[in-house]
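Below you'll find a set of structures to go through.
The following pair of complexes shares a single chain, chain A, combined with chain B in the former and chain C in the latter.
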Partner chain A sequence: MKLKDGFLLRTVAGQTVVLPTGDELDLNMMITLNDTGKFLWERLNEDTTEDALVQALLGEYDVDEATARIAVSNFVKKLSENGFLA
Partner chain B sequence: MDSLLENEYRLKDLMPLIREQLAAGRQVRFKPRGTSMLPMLRQGIDSVVLSPLPEQLKKYDLPLYQRSSGQFVLHRIVEVGDSYTCLGDNQFEKEPGIRHDQMIAVVTAFTRGDKRHSVNEPGYWLYCRVWYHSRHIRHFWRRGVGWLGRHLK
Partner chain C sequence: MENQTYIQWKKSMVRAAKKMKTPIVGHYELTACCNLDCKMCFIHNADSNALRARELSTETWKRIFDEAYDSGLFFAALSGGECLMRSDFEELYLHLWKKRVRVGVLTNGTLISDGHVEFFRKYPPDFVRVSLYGCSEEGYLQVTGHKGFEKAVSAIRKLRDAKIRVSVVVTPSSYMKDEYIGIRRYCIENGFPCQSNNFLLLKNRECPEKDDHFLSIDDIVELSKAQYELSNGPAIPVEITPEPHGNSKVSPKGLTCNAGAGAAVVSWDGRMYPCVMLPIGDVSLLEMSYAEAWEKTKEAVGEMLLGMECVGCPYDDVCPKCPAMRLTGLYTGHCKPEVCELSRRLVAAGVKKLPDPGQAVPEAESCD
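Moving on to the complex of A and B:
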């Protein structure tokens, strides 16, 4: 599991945002990531698994495994639904 | 612990990103806010595609520019001289004295609903001219309707 190529990660008004790049930059497709989202996004630049993301989250944040697993699952699902995963 | 959030930003927040893309020769699409470009652009529905600025803008071009106050505006050029005079399609008071160095980008395409249009289409060419030259009739009509609304209660 890995992100597709062709996304811009930028800071806008202090928030981390990602945008798909194509022939034109579509600001309507911009998505804001919170700190956890940014953390997971950066790890998805390399091929990884949901289990590895859960472990990374547990190592970085003070969170129990069940909560981390739900967060990762929801995040991956949203990325997949939006066509962000290769 | 919701990891994905969708937000709306003000145009001034997005300007560094927009300028970066334009400087790289890329186009940028976004949904403008406000009602000043009705009926062409409906807030929250229609998008415009901005392209890098050409050397010279011409009458009926639709540029994005920055006022001296810092406000960003997307209004149509209706007169070209030493500077530009601009007017929103839903406005009646012209804004003169816009310098070329205040211009940031120009609209080369737009999306109404799901349909994308080029500014080179004959229908758009006709719309710009008919709409601008009918402004006195539209203004008179709007004031008349307003007067009737106030006096026929």
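Moving on to the complex of A and C:
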């Protein structure tokens, strides 16, 4: 599992926004990531798995495994629904 | 990662920036020149050649945009004068657009060609806001000294057909009095989203003594009532209205709106202000960086005294929230008696309604 090419992140005023790098700009795709979203997004630049993402979250944030698993699963689902995954 | 409309998303970004005092919004007056000659304009004056000599070069604007980007710019608005008069308009627009800054355009619409429509289709703007100055060519001649109605409305239609976010703004002045309601009606009939600039206009920056464009309080009340009735039916007058008064002994400092908190203006000759409505701070980007100018602009805004008369005033909710409109001498801490009279008369005419006692007063909405 990996992100499609063609997106970059920009953080302004504490808000991290996903921006397309190409000339196509879809305003319905203006998306802001929170801290964990940004953390997971950056890991998804490389090929990875849901399990690896859960482990990464557990290593970085003070959360229990069940919560981390739900967070990862929701995030990945949203990415996939919005067409961000390769 | 919530799904929300673009407007909601933009508002949430601007709110976050305001909290952190990041200049996320930038309003750039690319030129003071214009193909029209509006009698009320606060920036353009007829001698374009003299002004053009003081305009910033393409390279200087690009330097300002790059520094603004590093300071947090995300939403730019290109204005003037008429920004489409600049031969490097598309180059400057693209410089921002390629950095993924959302770019809005404020224009009189009369110079928008099919080429521009194609360009905007390819590189969609955040918005195009077209000012209409009449609902007939005669009306245009009165306000702007030129014909332009057909050109402007045809441009609006073409932009709309190309699915570009376009809206209309109207600036009522003594020269437009007869056609103001006509324009509002025309927009309703043609399905153009339309808003009005405030009735209390700005002074011309170069000749502040010029005041023939201002509307009298009587005119403003009459036009506001006609505008209200256009969408709501007859306004019902109110017999007894309270005295405008505040209950504070000390003037609060600093603004509550976005000016100098999340937004900055750069004038055509390179000065930074917190808002076009508030020419204070007045620091030159030819002498310092965007970040340094922003620090000074924030400081100037933080030191502004707001009218203590407004704190707890029964009209606070219906009175124009824009601090620039409430203040006369910018540092005196007094609101304008004319603004008080206007607020009271709009309530008396049934055009604005006072909130129920005890109801919370909303914070000033940020202008974009």
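Note that in this section the second predicted complex is superposed on the first by the 81 of 86 C-alpha atoms of A that agree within 3 Å, B and C clash if a C-alpha of one lies under 4 Å from a C-alpha of the other, contacts with A are read in each partner's own complex, and residues count from 1 in each chain.
Here, a residue touches a chain if its C-beta (ideal position, glycine included) is under 8 Å from a C-beta of that chain, and two chains touch if they have at least 3 such contacts.
Predicted model, so just to flag it, every value in this text is computed and none were measured.
K.L.:
If you stack the two complexes on chain A, which partner ends up touching A:66: first (chain B), second (chain C), both, or neither?
P.N.:
So A:66 meets neither chain B nor chain C here.
K.L.:
In the overlay, answer first, second, both or neither for which of chain B and chain C A:36 touches.
P.N.:
first
K.L.:
Do chain B and chain C land on any of the same chain A residues, and which?
P.N.:
The answer is residues 10, 12-13, 15, 17, 23, 25, 27-28, 30-34, 37, 75, 78-79 of chain A.
K.L.:
Could you pull out which chain A residues touch chain C in their complex?
P.N.:
It is residues 8, 10, 12-15, 17, 19-20, 23, 25, 27-28, 30-34, 37, 75, 78-79, 82 of chain A that touch chain C.
K.L.:
Which stretch or stretches of chain A touch chain B in the complex?
P.N.:
10, 12-13, 15, 17, 23-28, 30-34, 36-37, 40, 63, 67, 70-71, 74-75, 78-79
K.L.:
With touch defined as at the start, can you tell me which chain B residues reach chain A in the complex?
P.N.:
For chain B paired with chain A, touching residues are 1-7, 9-10, 13-14, 16-18, 21, 26-31, 47, 49.
K.L.:
Show which residues of chain C lie in contact with chain A when the two form their complex.
P.N.:
1-2, 6, 9-10, 12-13, 16-17, 19-20, 22, 24, 72, 74, 100, 122-124, 262
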